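The following blocks contain the structures, represented as structure tokens.
Common to both upcoming complexes is chain A, partnered first by chain B, then by chain C.
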Partner chain A sequence: MATKKFAFVVKSLPYKTEASRLALTHAIASQTVEIYLEDGDNVEPVLAFIGDGVLNCLRNQKAMNTYGVTSLEQHIKNSLLLDLKVLICKEDVEKFGISEDALIMDAEDIGGETRANIVAFSEIMKEMDSSNHLLFF
Partner chain B sequence: MKLGVLVSDFRNMDDTLSRLKADKLGIILVSNGVYHAKVKEGGKQSPILEKSPHLYALAEDLQTRGFAETDIDSRVKAITYNDLVDLIFNEYEKVIWV
Partner chain C sequence: MGKLTIGVFSSLVGSLSLDFAVKLSEAAIKKGHKVDFWVSGNATMLSKKGQRAFKDYSALEKKLQELFATGNFQATACEACAEARGYRKEDTMDGWKRHSMDWYLASCFSADKVLHIGGD
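Up next is the complex of A and B:
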């Protein structure tokens, strides 16, 4: 019986590459692997946005209208809907002068109850430190 | 030379751009390049906005990333794909991508 913790850390900008989308889809997919696990085993994903990666978390992304693809906004909301822990680096949000209003902090519009959290990088570092597997995107 | 420069990155292109010389230098922000039109780091606007008075950003790429066309630096003109084609064919003799 064990819980394996995975930290998905997003430092890439969205859309030009698939990096941040891969992080989100992997993190979301990690919630479905329990059907392959032994009883008592579990997976705990944590999703953290740092550096330029915090720009994935801006609201009002129109990717479906423009590129015909799902937006990173929708993926982040899906993560929250599945109760993933979503962390956004406070120092980087401040560096870019982004207000909390401009960020995807919840998924209430699709029935989610979990909220994203803006936290100091030291908190994200603790999550990385306590994870069994660390994945940078 | 009238030179159009397509910028699709937010990082690591400034050195090349600053060395380019042209009678008319147009900077066209596309893909992740559009962050230059909006994002300030430490309260400072992107230095790319100082490189030329001819600045453009692709509207679709702005909208994709959550930015309104009206919400970007006033020096940057939001353009459509059709505008981009017009720029390439009518305004600039050469076009490069950095």
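Up next is the complex of A and C:
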């Protein structure tokens, strides 16, 4: 019986490529990975947004209206609904001049209780150091 | 003997990441390791059969068949990513499996090392 921690680190811009969407869908797939594992084994995902990747966390995305596809905001909220740990790099948020109220910090509107956290990059480094595998997107 | 899981997300044509990953797989297998190979996003085009081998573009079908024949290489394509691109099950090259993304995470779980090569 073991739990292995995977860090999904998103550094890509939203919508420019598929990378951040794939990060979110792969991280959310951790919720069904047990079907392939031995009893008692599991994956603990951590989702961290750094660099340009913090722009994925902006609120009020209109992807469905503009492109006819689900927004990354919806995926981030789904992650919070599923109680994934979501970290947003404080230094990069400040670099872009983004205030906390412009970011997706919770999924209360869909019944989520877990909140995203804006943390120093040193905290994200600690999460990466303590992870079994790093997956950069 | 160890197990290496390689996930690749960039396309076959337009990037050399898949070429590198397949060469790395071959080297690992020659050293006696097993390789799980996952493709997602644009990389799912690697699993499409019937691609013509032009000299100007990467073509890896022959190399993949050699790797499958070793018995130490398994390759799986993200089913949703493939379907979204119009690659149906019947379009898939012999030897490939198709699964959802949780297969990749499970493979990472049991891997000694994971090499995750992002896309684009």
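Following the convention adopted for this analysis, the second predicted complex is superposed on the first by the 137 of 137 C-alpha atoms of A that agree within 3 Å, B and C clash if a C-alpha of one lies under 4 Å from a C-alpha of the other, contacts with A are read in each partner's own complex, and residues count from 1 in each chain.
Keep in mind that, in the parts below, a residue touches a chain if its C-beta (ideal position, glycine included) is under 8 Å from a C-beta of that chain, and two chains touch if they have at least 3 such contacts.
Computed from a prediction, not measured in an experiment: that's the story for all the values here.
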Partner chain in contact with A:L134 - chain B first, chain C second, else both or neither: second
Partner chain(s) touched by A:A63 [first = chain B, second = chain C, both, neither]: first
Touching partner for A:L22 - first (chain B), second (chain C), both, neither: second
Partner chain in contact with A:K4 - chain B first, chain C second, else both or neither: second
Partner chain in contact with A:E73 - chain B first, chain C second, else both or neither: first
Which of chain B and chain C A:S99 touches, first, second, both or neither: neither
First, second, both or neither for A:L13, with chain B first and chain C second: first
Chain B versus chain C as contact partner of A:D52, first or second or both or neither: first
Common interface positions of chain A, toward chain B and toward chain C: none
Residues on chain B engaged by chain A in the complex (per definition of touch): 8-11, 31-32, 35, 39-43, 60-61, 63-68
Residue numbers on chain A that touch chain B, as the complex places them: 13-16, 52, 55, 58-63, 65-67, 71, 73, 95-97, 102
Residue ranges of chain C touching chain A (in the complex, touch as defined): 7, 9, 40-42, 100-106, 108-109, 111, 114, 116, 118-120
Touch list for chain A against partner chain C, complex: 4, 6, 12, 17-19, 22, 25-26, 29-33, 35-37, 41, 43, 133-137
